[in-house]
Structure formats: C-alpha cells, structure tokens
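This is the structure I want to talk about, given as structure tokens.
Residue numbering begins at 1 within each chain, and the chains themselves are lettered A, B, C and D in the order written.
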C-alpha cells in the first residue's frame, strides 16, 4: 500500500504527467470551443459527448492519483487549489443532466480554469492577484457606501424621468456602474434626463469626480503596494554591500586596537 | 454629574456601543433602500415612518451621549466628524416636512455616510483622501483656467452650430467635461459640428491632448505623493539598521582609543 | 530717469500691484464670460466695449511698467513669459477690427492665460509641465510614424467602405485619434466596416493594442521621471543623516590616533 | 576587395549617408501619403510609379552597401533589424504586381517603418518596448484563459439573443475585447441583451471587474519594472558617495594604527 502511495506521489510530481494533463486541459478547451459552433456540434454530437466523458474520467483518475499521493486526505484539501480541482471535477459527475443543461455546460467550461491550478507560474500569479484583494477591503467598503447613497438618491430623483436607468435601486446601481466606467454617461444617461430636469448635472458630475478619484486612489494603493514589495524583494543595494565591507573593516580596526593594547 | 459624564465617556468608547450604532446605520441604510421600491413603501408606509423616527431618536441619544462624554462642548465640535454627525442628525429634526420632501429624503440618505464617522478605518481613509486635495490646489486652478478659456472659445465658435452642446457658457463647460472623459466626444459632439465647420477638429484634439495631459499629471502628482509618504512611513531599511551597528562599533573603538591613551 | 526706473521695478515687484493685476485679469475673464450670453451682451454692448478698452490699456501700462523696471529691454524679452504677455497685449491693439472678429475675440480670451504668467505658483507648474515635453520627443516621433502608417493603410483599405471615417489621409488620422481614445471605436467605426469587410477587425485590434501600449509607456516614462525628480529633491534621508554622523566620528577617531602617535 | 569592403563600412557608418537615407524614407512616406488622394494619384500615376521604383533601388543599394560593409553575411543577418530591412526591401522586388495589389501597397507603407531601424534613438526605444513583452508572458496567458472562458460562456448564453455580438466564439472574443475597452459595453452590448435576459448583467459586470483588474495589474508590472530599471541605472546616490569617503577614511585609520604598532 505504501509502495503504491509512493508511486502515486512520484507520478503526480513528474514532469510528463503534468505535461499530459496540461495538454488534455487544452484539448478540453478546444473541444468546448468547437461545441459552440452549432454546425460542428450537431454533426458530431456523439463524438463530443464521448470526448467529454473520457476527459472527465481521466481528470478524475488524475485527482485520485494526486489524492493518494498526498500525505493525508486532510493535507490534500488544505491547499485551496486542490479543493477547486476536486469541486470542478466532482461537479462533472454530479450534475450530469436533466434540466440544468446551462449550469452543466458552464461547469464544463470552468474546467479550463484548471490550467491555472496545474501550471505553477499561473498559480503563483493568481495567488498574488488574490492577495491584493484584502488590502483593498476598506476602500471597497467606502466605494460600496458611495454607490449605495448615490443609488438611493438617483432612484429617488430620476425614478419617473428615466425608468430604464433609475427605475429601481438595483437598476440604479447598474447604471451607476456604467457611469463610473464613463460609458455613454453623458450621451446615453445624463442628457436625456437633463431635458426634463436641467439641474441633474450635479448628480452625474459629482458622482464621476468622486467615483474616479476614489477608484484611482484604490489603484494607487495597489501600485504603491507592488512597488514596495518589489523593492523589498530586491537584491541588496550597492549601499548595503558597501556597509558590509565597512563593518568588516571596523572589526579589523577594533582587533588591531585590542592587539595594540596588549603589547 | 461627573460620574454621569464618566459613564457616558466609557459607554461612547465601548465596543458594543459602536457595534450597535454601526448595525443601526446599516439597518437605516436597508430601510432607505427598501423605501425606493414603491410597492413595498406604499403598503408599509406607517412602518417606514415609525422606523425612521425611532432611528433618528436613537442617533440623537447617541450624539448626546458622545457630547456629554467629551471633555467640553467646544472640544466635541473641534473634531469635524462630530460636527458632521451633529448636522446630519439635527437636520433630521429640523427639516421634518412640508414642501422640502426631496431635501428631507436626501438628508436621510446622507445618514448612511455616518458609517464613515463611526467606523475608524473608514474615517482614517477618508481623512487621508481629503488630505490629498490641498496639494492639488494649483493644478485644479490651472485646469479651471484651461476649461474656462476653452468654454468661452467653444461658446463663441459653436453657439449657432451646436446649441445643445455649446449654446451657453455653462452648457459648454458641461460638454467639455463630457469631452475630457472621452465620452462620445467624437461620435456625439465633434462629428456633427465637423459637418458644418470642417476646421473644428483642432478645438477638440488640442483640448483632449492638453486636458488629458494636465489631468494625468495631476494624478501622477498624487501617486508620487503617496509613494513618498509610504516610503517615509516604512520601517527602517536594512541600510539604516546596519548604520546603527556601525555607529555602535565606532563608539566602542573611540572608547578603546581613549583607554589606550590613558594607559 | 534711473529713479523712475527704480520706482517701476519696485512697483512691478510689489504685492498690491500683482494683486490688482490678478483681480483685473479675473474681472476680464468674467466680462468675457458674460459676453457669450447674447441677451446680456446686446443690451450692454457699449459697456462691454468700453470695459475691454480700459482693461487693455491698463494691461498695456502694466507691461510698460515691467518693461521699464527691467534691467534692459533684451533681458525683459529673454523671459518667455514676458514675450507671451507682450504678444497677448500687443495683439489687442493691432487686431482691432474689421473682418477678423473671431480671431480678435479668441485673442481676447487668451488674456485670461496671463493669470499663469502673473501667479508665480501657476507659472512654476506650467514650466514644469512644459519641461516634460522634450523628454517625450522620441516616443512622440514613434507615435507619429505609427499613426501615419495606420493612417495610410486605413485610407487604402476603407476609402470606399467608410468614406466618412477613412475618406482621405487627414480624415483617417482624425479617426485613428478617435479610435485610440477608445471613443465609439467599435460601435461607431469598426462594426459598420466589418459588415462589408469581415476581416477588418485585425486593423482596429492591432492598432488599439499597439497604440495604447505605446501611449501607456509614454505615460510611464513621465511618471518615472517625476518620481525620480521628486526623490532627488527630497530632504536628506535618515541614512544620509546617519552617515554624516559616522563621518564626524571617524574624523574624531583619526584625530585621537594622531594625538596618540605624537605622545 | 577588402578595400571596397572597408569603403562600404565607412560609408554605411557615415553621418551624411544615414541622413540621406532618413530623408529618402521621409520622402517615401510623403509620396505614399499623397498616393492615397485619388485626384493627385491619377493625374501623376507615372511619376508615382517612377519615384517608387527609384526609391526601391536606392534602398536596395543601401542594404547592399551595409551588407558588404559588415564582417560577414551571417553577422549581418544576426541583427534582427537588418533582417527586417532586408525583408521589407526584398519584398518590394518580389511582389511586384498582378493580383496582390493591396499586399504590395501595404508592404510599401511598411517601408516607413525603416525609419525605426535607421534612427538610432527610435531603434533603442522600440527595442526597449519589445523587451517588456516577455515579462508579460504569464499575465497574457492568464488574460487569454480568462477571455476564452468568458467567450465560450458568452456564446453559449447569448448566441440567440444577440447574434451580432455573440453569434460565434470568434465574434464573442471580439465583442469581449470591445467590452474590456469599455466602448459601448452597456449602451450597445449589455442593455439590449438585458431586455431579453434580465440576469445577464453579472456576465458583463464580473467580466469588466476581473478584466480591468488583471489588465491594470499587467500595467502595474510594467511600471514597477521600469521604475526599478531606472533606479538601477541611476548615478550613485548621495549615500553611496558618502560611503566611499567613509571607506577611504577607514583605510587611513587602519594604516595609522599599523604605523603606531610598528613604532
């Protein structure tokens, strides 16, 4: 049993094994892409279903090998990417049909995301990107309050004037997201409202000024964070290297002085 | 009396008290959000009015507790956030009705902003954001002059060609704000004007080039400011730590030399 | 004569004099703004013309005072801002009428720009902004080549398909400027062309990818420049201050050693 | 023969030679630009064809001179810019006619790109820009996976609702590129879909949030890279200069100590 475990661990860590899995994920991606073309899908429906089944079972075996190869089941599921892999593959077995066709198909597309968990450099980068989210917590909360207040005011003021944009609170929030991306905020959203309520410009202008300012500061925070981290990971600077030499020199001088004293 | 003051101060600083106030602000926010849905509001109008009254009185008591708990009334009102809280709550009592329904409702929405004054991390962040504004003074003045000149020229040139965008100076300034956000500046604003005045492109192209350049520099200034502040707040760098060791070493050597001399 | 010169110099440098000039420029700006409202202008035409004449003569006297107060005429005209002031004011006297009404009016608006030359902090900032332009030389040349090549190709390919956007080389360059600002590049420019020439997407996608990448790098260069300058202007860092102390200490040790030797 | 080689090398490196080539490339650019105006082209067709032939042969001779002047043919083709020059000029001879008129004309426009290979500062800058691409490898791969997954899901969900945007996988990818540039993403793409499928907003909002976040991080990486490189190329900092002095001082003290010992 232990020997089999050892075998699984070595297999899971071996380069060719990872290479094959990456290739199969790629193949899976291509198949899923081809399926979206109705002309190709309809004439090869059975082939597509077969390929999907085969790939799902290969991925299941892969997960099992990595699960057996790990120290214990709990250590395997401690790594969030393993949990992610497990859920993606397991869901392929559970949701196999009936009414949930769309859910099923979207779950199958998400299998392409497994490329991130399998390719180490991608995994590292996504981890780094996810790690920047907690540091944004406070500013996202601020942005949320800001959106909510403008959303409620917008609904109150323009509910009757522009029901397609500000008809309800959730419609307003979506419209405000559109406005903060600066997409058709004037030509599409504000100018038709201005015709009925000429004083409405303050709502949009202040929203854009405050919104872009806060979002810009959110981004600046991320940049500053990144620059700092980069400078901390840096190799020792020329000043540091010179200081090490200075310290050596001082130690020698001290020794010389002590020798002088003794003599 | 002093004992009551002490009690108020401790209460105002206690975690559960702050927690309850944050929850009530959140509840207030949810209520205000639900009110924007006419179907919900009309069938529960009395409940909404009651909840609003109750919350307003709770917030009034909260402000009073914090006011009594502070050293003196003047020290309480020195802190701008306390003034803000006071105005928001007081206005709820003053503007209770009649014709100012919209003003009243907007003031009630602004109560959600109290979340900023109550949650310390938000308060700190908003203070930091507000502090970057003075350093932008000169560039905002420059931007103002630049907008004003283009506004006057735009009104002079396109008053008759495009009255909906450049009919008056204030309409022009709003249109220029739209242009500087790059929203429909060509498809919506410039191209219809070009058909009547084919040389009008220089107005828009120079405005966008100068405007985005100045605004970009405004932002760069903020970034540079932030990076500098971040680097100043930094813990001592490795070079600083090494220099402290070097200074200690030098002091020892000096002592050794002085000892040598004496002997 | 020399006494008069001295008087002019002192007057030109005095705070109240600058304050009055700034106020008059502001007044001039307000007058020019009011003139754009036909209802106000027509009923007070004579007043506006009078105010303009009076202000022009005051500014002329101001320039003369500063000219007399300067060491020599050539030293006065060495400072570009003085040349700018002189041209703005002189043009007010030269272009006084006839057919060039628009030119005349635009020149009068530009008098507001004198605020930059009169307010020192604005002057410093605009100088700083203008100084960043030479460092952009090479990348602007690259951008020019890139725009020209895409402009020629665009004209060749889409001259007949979309004459309103790519009818001639100069129309193409304007359209490409619109595309690089991402304004209606797809909905307005590309999609109608795609209907006739489904392979045209590569033209727009590569143009946007390369264009935004190059412009982004242009901006990064400016940021890097600014950050560096800011860090060079910085007060001595803690490490620098410590090093000065270390150098003092070393000098003392050296002196001690030399004293030891002598004894 | 060797003497002729020497002559070619000196000629290729001489300033006037480069100057003439740059002028001819400029002339070529102007000619190509004029050709796009049908009125000018048709009345001077023979002149344009002649000029093009003459310039092509001059450039051919130029390449030959530089080829002969180089150490060996292989060393000439090791430099990618030489290969680029060679292909651009050679293609002018090969593709001289028949059906490939458009290809031929585009190739002729690309001759303007030779300005980059001939002007050293441009060449250096483009090399620097190209060098930043490999460091973006992983994030571009991530962006690719992200676009592909959203492309497949978008095609699956909106194939029937909005066939002009999501009719096929490649149409979806183009639409997603449009959405990520924020061009008409709401007014043009999302809102018409929302009318049929009110829950479609999550697709666009999450795509924009993730997409802009990842692209922004891509850009931040480039900025950080540039800032670091800039700071490494920097002249020695004041701290470095002081440390060099400190090291000199220490060496002197050590010498003094050794001298003391001997005496």
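The rule is short, and it goes like this: a residue touches a chain if its C-beta (ideal position, glycine included) is under 8 Å from a C-beta of that chain, and two chains touch if they have at least 3 such contacts.
No experiment lies behind these values; they were computed from the predicted model shown.
Visitor: State which chains count as neighbours of chain A and simultaneously of chain D.
Guide: none
Visitor: How many angstrom between the C-alpha centroids of chain D and chain B?
Guide: 40
Visitor: Approximately how many whole Å separate the CA-defined centres of chain A and chain B?
Guide: Comparing mean C-alpha positions, chain B is 29 Å from chain A.
Visitor: At least two other chains touched by the same residue of chain B: list those residues.
Guide: 182-184, 223, 227, 239, 243, 246, 250, 253, 257, 260
Visitor: If every chain is a node and every touching pair an edge, decide which shape results: line, ring, star, complete or other.
Guide: ring
Visitor: Spell out all pairs of chains that touch, sorted by label.
Guide: Every pair of chains meeting the touch criterion: A-B, A-D, B-C, C-D.
Visitor: Mind pulling up the chain D residues that touch chain C in the complex?
Guide: 29, 32-33, 36-38, 102, 105-106, 109-110, 112-113, 115-116, 119, 121-122, 125-126, 129, 132, 164, 174, 177-178, 181-184, 188, 219, 222-223, 226-227, 230-231, 234, 238-239, 242-243, 245-246, 249-250, 252-253, 256-257, 259-260, 263
Visitor: Give every residue of chain C touching chain D within the complex, in rising order.
Guide: Answer in residue numbers: 138-139, 141-142, 145, 148-149, 151-153, 155-157, 159, 168-169, 182-187, 191, 201, 205, 208, 213-214, 216-217, 220-221, 223-224, 227-228, 236-237, 239-240, 243-244, 246-247, 250-251, 253-254, 257-258, 260-261.
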